[in-house]
Every structure is written in structure tokens, then in C-alpha cells.
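Going in written order, the chains are labelled A, B, C and D, and every chain counts its residues from 1.
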Amino acid sequence: MKRIGVLTSGGDAPGMNAALRAVVRTGLSLDMEVYGITHGLAGLLDGEIEKMTWSSVGDILHRGGTILYSARSKRFLEEKWQDHAVTILKTFGIEGLVIIGGNGSFAGGLALAKRGIPVVGVPGTIDNDLGYTDFTIGFDTAVNTVLDLISKIRDTSTSHDRATVIEVMGRHCGDIALHAGLGGGADFILIPEIESDIRKLCMEVLKGKHAGKRHSLIIKAEGVELSTDEMVRTLEDVTGIETRAVVPGYIQRGGSPTGRDRMLASLMGGKAVRLLYDDEGSRAVGISGGKIISVDLEEALRIERPFNKEIFDLAVMLS
Amino acid sequence: MKRIGVLTSGGDAPGMNAALRAVVRTGLSLDMEVYGITHGLAGLLDGEIEKMTWSSVGDILHRGGTILYSARSKRFLEEKWQDHAVTILKTFGIEGLVIIGGNGSFAGGLALAKRGIPVVGVPGTIDNDLGYTDFTIGFDTAVNTVLDLISKIRDTSTSHDRATVIEVMGRHCGDIALHAGLGGGADFILIPEIESDIRKLCMEVLKGKHAGKRHSLIIKAEGVELSTDEMVRTLEDVTGIETRAVVPGYIQRGGSPTGRDRMLASLMGGKAVRLLYDDEGSRAVGISGGKIISVDLEEALRIERPFNKEIFDLAVMLS
Amino acid sequence: MKRIGVLTSGGDAPGMNAALRAVVRTGLSLDMEVYGITHGLAGLLDGEIEKMTWSSVGDILHRGGTILYSARSKRFLEEKWQDHAVTILKTFGIEGLVIIGGNGSFAGGLALAKRGIPVVGVPGTIDNDLGYTDFTIGFDTAVNTVLDLISKIRDTSTSHDRATVIEVMGRHCGDIALHAGLGGGADFILIPEIESDIRKLCMEVLKGKHAGKRHSLIIKAEGVELSTDEMVRTLEDVTGIETRAVVPGYIQRGGSPTGRDRMLASLMGGKAVRLLYDDEGSRAVGISGGKIISVDLEEALRIERPFNKEIFDLAVMLS
Amino acid sequence: MKRIGVLTSGGDAPGMNAALRAVVRTGLSLDMEVYGITHGLAGLLDGEIEKMTWSSVGDILHRGGTILYSARSKRFLEEKWQDHAVTILKTFGIEGLVIIGGNGSFAGGLALAKRGIPVVGVPGTIDNDLGYTDFTIGFDTAVNTVLDLISKIRDTSTSHDRATVIEVMGRHCGDIALHAGLGGGADFILIPEIESDIRKLCMEVLKGKHAGKRHSLIIKAEGVELSTDEMVRTLEDVTGIETRAVVPGYIQRGGSPTGRDRMLASLMGGKAVRLLYDDEGSRAVGISGGKIISVDLEEALRIERPFNKEIFDLAVMLS
């Protein structure tokens, strides 16, 4: 393979730029040409494609976001546009494609792979919601961002004897809540993987109150069924403790990637290009047991994320 | 004066602990006894009073929140409870009081001052909404916290060609929005001091769009009449640009104080005690033209905050 | 086992407090009594031992350093003092011991284990120099601290077209230099595991200069034979590029632990206590392939750290 | 005036980019042409001059360093080269010049002003060593950077019962040491403005030791006569307390500017251009009593920095 493309797609994640740098420079080191496609799969359909050089990925390793921009594409769900994408790639002579993104982007990639384009997926999403890999690029940064916010919120929460509910990202996967909850010493962690019981929560907060505990920190993934507003109201009504909600939202998506995310992104980006170089397509790169792996792209989309009960129980026990 | 009390009251602010440390250690250096009153004016009514030592304010200079806790007190609005507070202070032999807090706390202090208790107010609030002082303790930290958040949000906002509305604290005073807006390079700054015109805003965003600007950052104080939700909806409807809101909320209240807030708090805390030492009561400490000053407490509450049009215009011009 | 002790020893590392919290709370959850020994093995000899409660490890999860203090003990190298330590432990009725520290501390622990005291080692050191575990507690934080420093140094280094040599910690193990070098986009990484060739380094810097590269970042572990001063002098002499050294030193040891270090510390601390609970002694806890493991303590000290050539080569290739 | 130039010179400082942005955009807003001169006065001599646009200063407000690069120029000390600079400026049709830098850069500017070129100096240096202005751009950021380092160093220093000497920047002016020392709760602050007495220092450390104080933090400006190495040796010899030195060096020069530095830079950059627009030359912009001012450039170089004894005494009293 002599000419490959790379794009970032879906919700952006810190470390996407680091992955991109690794893709471009590994490709160039292997004497390939590397083309950057801006605005993800949508940009591919519009032919937003430009040749990348060694220096076009200089000074981006430590930057959040993605210099290739990202987007979600509705058109790409339709077969005719998927066919069109293949035409575009062929027109540019692009023989293989690296897609840095999450679930939806991988599904788009699979559609291309089924049309004969060698595609390698690199998991870039803060949610850590891909089952085939222990970690996704951006997750470690998001956890540390939330820990920093928790530490600020705790200052004011403690000073005012308040309960605070922090709603973090994670629609189907509670990993950000779980890891930031354990690391931040949250009193309660609510995640989609475990059914939440608001009555039990109120009871525990009350118990703490009677034991002299003056503030509580509850961390909750956005995917938890009970809405944050409702939870705040119920907590305040039942316990009589002033309760506030904080929803950091998009703050979690930004920031300079951590060392670990830069390392992960560099390793995964490099691996993805090597797979294409060896003419392996329809793969997804991951990390498992500390080792960089690759699995079949279709299987990667099928594997459900196992829930780490051990960490959840540890967090509960230590809190 | 041989025995003074100190309390933190109202919304907490980074640097309150630094001010507290200065009050206690300056008092001890002047051979006074210093009593800490926990939970603000509410705690005063309940006799939550304890003697402070040199080491009881050790290792707190850099911590957010307040080790004396804070609270708002409804009882304290009533005359009978204000009388009660005087009784409590006399019972403990406390001859003068330092109140670290904002508007409402100063008003409470004034009630005590009118009952003959020498009271000195130290402005601790992130809002910078006190008219008699150029800066309040906590404001500089809050601005830097918001700048850090803006920088994270910009990463993801740029990557997705989005408009983002960031709603920061400030009910009556737009200073956090103004300073963070200028410092963060916001495209638009909306504050209570200037009437907002959503039509003009939409027009400008559209203009930017046609000129090739792919993302916009709008920073808005919570005191702006138009609700953030409504603004997001209107922007999206009119401009067709995906628009998101971020409301950092209590995150802005926490965090380790900046160097400037520690300095300000140390100078102001020291000044407050010296005023009491010199038997001056009913004063508020401030900073004006780079110098630590004190003004009459009642007047301090009357002086309206002048709006800094020059900075607003500069921010608009540079953005 | 009903009564265990815990101490932190050797150079401190961020996350030691998180490990300590996990040890104490896991122990209490298993109905054990947990005694904290201050100042490491030295403190053990002096009987600096106090009972720990649930709340004595409250609010420490996110703090750098160690609330139990640490120390190195020369006395402990002598057999008679090792015997004395056993006497002390027996006097206090302490049946098992968790030692949080590095190489030297584990060696001390082994001396006690050989005298019949069940000892479990928890790897707390920023150096990542223990062969039996993929990661030590504190390493991830140190890498991120160095990345933050690199980012600051790069600002000024770039502005002045300078070469900068950053000397980071790591006497025998170059992992901090390696991971921070890859993550920070260093132009050159010098580590004890790979022989350094100053002539080649100068040649490469000169090559870069002629290709228009105006600044270079060289990251070097302290264990590299060539001294930093000499390297700076030679670089300046040969290349004519202004060269500066930065030695962050103890800055690398402090700071709030990252999410990953808190997680690692919590898991390892919990595991250590469970081993003692199950009457397993003379073990060292580690992480291998993403799983918490334990190995024989003596073996743990024997296993040499394998050098990760793959990461080194990737760093060289991407720079 | 229709065409102005701008350059950054001397040691770089966080906020130089923010000042540059304000210069360029204010100039363009006033319908002037703005030319950027790279590599300071040295680059001026070599004709490194390029036209700046609105977007050439986009996305730089929050970046450390200077996109125009900086340099020191020995040639510029000679009259013939100063004449040459005037020729260059005239060739480019540049009628006025903004110089962002410190003492030396202002002296260079004065040489040009004396040759008839309207020059305005903007104080960009972390040292805060210019007498005519209360603050220089970069100082606030440097203080906060040092505070962050102190907080990390304190973690490990406390854990090991050590004394630590931190040597910060400041050859003639101890302001970084003074402000970071007060804000960081240093036990001792040594600055060039106050004669240091190592015997007294040892005595005080010993006193603290006997009172149970287990660690000491000494912050010292680089301009203090006694070398840091010697101080460490003496302290260790006399007190028997393990003592370590940390020299953060160039770390203090980098980093994203604080809100205050961005504000100061924006105000000062804007003011500088307005002066040129009004045909006022040979001025230096500053801040005094909270207001942006300008003074005669020659006088600005003559005014000695007054030493703030009040802050020093407060720091000593509170520590």
C-alpha cells in the first residue's frame, strides 16, 4: 500500500492529534503518502482531502481537539453515499484508511471495508465504551479533568455542608463516573451498568448526616435513568440537606492529553499504519492486558463492554 | 482591643483561608486573642466559637473553601437575633469582629456595628460586585478557572465548528464574564451592565460564518436577562450553527487561590486586624488604585460598582 | 490475622496516601486493626506507631507526599536492628506489615519476612524501576508533571531558538525520560539503558539546524553517564546553538496523584491487605498485563526491569 | 502615522503574545499597517520584517513564548548598527515602533528614539524589575508557576522532614521570590534588596527545629549574593537537617499567561499603539495605581524600582 488516508470522526477526544501525528509520521517513515481528510466521514463525501507532511503534524502532540476537525454525518448512513465515498477514495488513489473515532465512526468504516477498502479503526473517544479494548484514547484525560473539577467542587461543597451531584459524560458506559468516582473519593457512584435506587441513596445520605458527615459527593453518569434534576429535588426533599448539581459537559472533551493518552495514541496510530502497510484491513486497534492488539472490525463492534464490578465494589468499600 | 472574632460568611471564595490566616496570625502578633466562629453569622447565633492558635491556620494558605465553613442565615435578618448575636459576643468577651464575605455578610456586620460592636468587613466573594473596592478576594482565581475551562471548551468547539455559550457566575456584576471573556478571546461577551441584543448577536455570528469563521465562543454572565437555553435555541434556529451551552456553576467557586488572591487576602486580613487594634470599627477593607484602603462600612454597602466600559470596548475591539 | 501495620518508606511518591487509605479502610472492612508507623523503617525501630481509624485517612486520597512521613534508615541495614524491629512489632501485637516503597524498602521488608513477619510490599516510587511490575505508584503522576514542565520549557526554548537539556529523575531506569520524552515530543531521549553517544547527538542537532530546525529538546535521565553540564558545554561548543539545562529535581516527586495512580494505589493497597488477611506473607503486589498480581518478595527484588525497546524506537521514529 | 512595526526582545515572558495581538489588532482597527519584526532587535538589523494581519495573531492570546521569537543583540549596542536599524525602518516605511521587552530592549529602543523614530516600550519580562510600572507582563504568571512548584515541593519536603531552598529568577529584583514566598507560605525569603544573613537563617531554622517544626521552605532570588550550593551546605552543616536545592530555571519563563497578564498585555498593547497613532514617541507604557500610564522612555529607564518593605514584613510576620 502506497497511499493512505486518515480522518477523525464523531465526538472529539484529547489524544486524537497525537494519534494523527503517529499515523502520518509512521506512514511517511514507511515511504507511504498520507492524506488527511477533514471533517470526518462528512468531509470524505465532500472530498476535503489534503496531503500531509512531516511538519503538518508538528506541535500538535499536546493539543486537545483535532486539527482535522470532526463531524457526524447523516448522509453516510445511506448506502449510496457509502458507495460515493469509495469513488472519492479511488479518485484520490487512496488505498487504505485510518479512522480515529468511536462506535459510529467504526460502523461507517465497516461499510467502507465491506466495499473493499482496507480500513483500520483507532478508538478515540473519552467514553471508554468500546468492548474490545481496555482503554480508548481520551478516557484517561477525561478522568483526570473530572478529578480536577471534583477537587474544586469539594472545596465549596465542604465549606457549605452541601450535597453535590456531578453528572459526567457516559451514555451507555459508566467508566468515567467509575474511575473518577473512585479516584475522587465520591460517596456514591451511579452508573448505567448498575440499577440506581434513589431511596437507598437518600437513606445512606441520611445515615451519613446522623453520623456527623456534613457533605456528600455523588457522581453520576449521564446515562443513568433518573434525571439529575429529579435526583437533586428528591435528595433535598428527603434529607433536608442543601443539594446542588454540576454538569461539566463539554469541558470533559477538551484539554491537553495526559501522558498515558499520548502514549496510547502514539502506539495505536503507529500500529494502525503498520496493519495497512501489511495489507491488513477491516481491523480495529486496541489495548488488552497492556499490549497493543488488533481485532476484526466487525467483531470489535459486536463485543460488549464487560463491566468492572471489582472496581465498583472497591470504590463502594473505600468511600 | 484584646479579643477579636473572625468568621467567613455567604458564598465561599478561594482566598478566604488566606485571609483567615492573616487575621489570626496578625492578631496573635499584636498579642490579641483570636476566636474563630464557624458557619458564619448562623454559627455566631449558635455559639460555634473556638479559640484559634498559630497552627490552627497552618497549611491552609493555598486551600480553596474555608476551614471555618460558611452559611447564609435567615434568622440574622431579624432584629431580635441581631441582639442575640451581641449577647453571644459579649458572653465570650469578643470585643471586635472581622467578617470575611460579600454584600449580605457586610449588611449583617453593619447591624452588629450599629449595636456597638466594632466590625471590619473583608471582601471575600468571587463576583467582584462590591463597589468600594477594585477587587474582591477570589475574583482573580475565578477568572483563571474560567480561562482554563474556556481553553478546554475551545478545543472541542473548534474541532466541531460549533458555537458555544458559556454561562459564568455573576448575578449583578459581569466582571467574571468581562475579564475571562477578554482574556479568553471570546467572540461575544454578555453582561448585565449592557443590554443584550440577541438579534444583533445572531447577525454577528452569521457574519462571522460567511467570513469563514467556523466556531464562536459566547461568554455570558448568569445575570443576563435572556436565559442561556433560549439563547442557544435562538442561535441555532437563526444561524443554523450547532450551538451548545456549558454552565460550569460551582466549579468557579473552588480551587487553590492564585498568587494575587493570596496576596490580596493576606494584605486585607492584616489590615482588618490593625483597624480593630486601633479601635476603629464599622469599616470595610478594600483595594483602590493598588493600595489597601478602608472605608466606612455603611458607605461601602452604598457605593455602586462602576462599570468598566473601557475594558468592555477593548474586548469587543480585539475579538 | 487481626492486627496489621503499614508504613511508607524511601523516596515518597504521589499516590502513597491513596495506597495508605486503601490499606487502612480495607483492613477495617475486614475487621482488622490497622496501625500506622511513621517515618518508615526508622520509625518502626523507634516505636512510632499509632492506631489508624476510618477518618485518619479521610481527605488524603488526592494529596501528594505521605501523611505517615518517609525516611531512609541506615540502622535497618544491620541485623541487630532488624531483630529489634521484630521485637517492636511483637510488642505491639502487629502480626503483619504492609510496606509502601521501592527497592530498598522491599529489601528491609524481606529481612523482616525472613524473621517470620508476614510482609507485603506495595511498589510506591516514581522511578518505575521494579522489574516484577509494569507500573509503580507515582510513575504516571511524575510523567505528567514532567510533560507539564516540558510544555512550559518549550514555550521559551522555541522563542529563543535554543537547545534545552532536561534532566529528569531515574538513576537506573529511564522510564520517566522515555515516557515523558515520547509524550512531550522530545527530539532526543537519553536513558541509562541505551549507551549515549554525544558525538552522534551533536551531529543530529547540527543536521536539524541545517534543515531549518531552530530548537531542540533533549530529555535525559539522571542515570545517564555523561553529566548534564558536560553535555550542555559540548553541545554549545560543537553546534554553536545556545543550550540550556533544566533540572526539575524534587518537583517531580510532588503533586496530586493522577487518576491512574489513585486507581493503582487503591487496587494495590486493597490487594496487600487481602493477602495478609489470607495469611500470605513475603509477597510483593504489582500490576502485569492490566491485572493486579502478587509475586514472592525475594523474587520481586531479583527480577530485572526489562527495557521497552519498542517504545524507545517509536519515540525516535516519531520525533 | 500609517505604518508601525512591533517586535519582542530580550528574555521572553508569558503574555508577550497577548500584547502582540493587542498591538496588531488595535493598529488595524485604527487603519494602520502593522509589521512584525522577528528575533527582536537582531532581526530588525537583518530585515526580518513581515506584514501582520488580523488572523496572524489569532489563537495566540493564551500561548506562552512569543510567535515573533526573541533574541538579544550584541550588534545593537554599537552606534553604527543603531544607524543601520533606522535605515531599515525607513526602507520599509515603518514610521513608529512598539518594543515589547525589558530593560535592555528599552535601552535599544531609546537609541532609535534618539535617532528620530517614535518608539513605545511595553514592559514584557517576568522579573518585574522596571521601576516606573507597578507590574510587568509575565510577572503574575511566573509567580503562579512558582506557587504551583512550591506546592509540589512542599509535598515531598514535608514527607521527608527536609529543608528546601528554592532559587527563583530575579537578578536585581526579588519580586518573584517576595510574592511567591508570601503566597507560598515560605518560612524564609531571601532577596537582593535585603542583605542576607546566613547565620541568622541557620539560627531560625534551628529554633524552628527545637519547636517541633520538621521542615523549612526557603525561597531565594538568584540575585542573592550567597550561592544556593553554599547555602545548602551551610544549612546542613549547622542545623543537621537534610537540605535540598531546587532551581526551576526556565520553567518560570513558560506557560499560558494568567488572566491578569492577558488583561495587562491587552491594555498595554492597545495603549502603545494609541500613543503612536497620536504621534507620541519615546514613551514607555506601564500600570500605576491600577491605571494604564505612559512615561518618557528615558525616564522609565532611570526610575529605580522601589522595594516593597510592607509586603516583605507581612510575609515575615505571617510565616
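Going forward, contacts are C-beta pairs under 8 Å (C-beta built on N, C-alpha and C of every residue); 3 or more make two chains touch, one makes a residue touch a chain.
Nothing here was measured: the structure is a model prediction, and the numbers come from that model.
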item	value
Contact-graph distance - origin chain B, target chain C	2
Same or different contact residues where chain B meets its copy chain A, judged by the half mark	same
Distance from chain D to chain A - Cα centre to Cα centre, in angstrom	40
Geometric centre distance via CA averages, chain B-chain A, whole Å	35
Between chain B and chain D, centroid-to-centroid distance (C-alpha), Å	29
Multi-chain contact residues (two or more partners), chain C	151
Chains touching one another, given as label pairs in label order	A-B, A-C, B-D, C-D
Contact footprint of chain C on chain D as seen in their complex	8, 11-12, 14, 16, 39, 63-66, 69-71, 145, 149, 151-161, 164, 244-251, 253-255
Of all residues in chain A, those that touch chain C in their complex	21-22, 25-26, 29, 59, 61-62, 134, 140, 143-144, 147, 151, 179-180, 182-185, 256, 258-260, 262-263, 266-267, 270, 288-291, 311, 314, 317-318
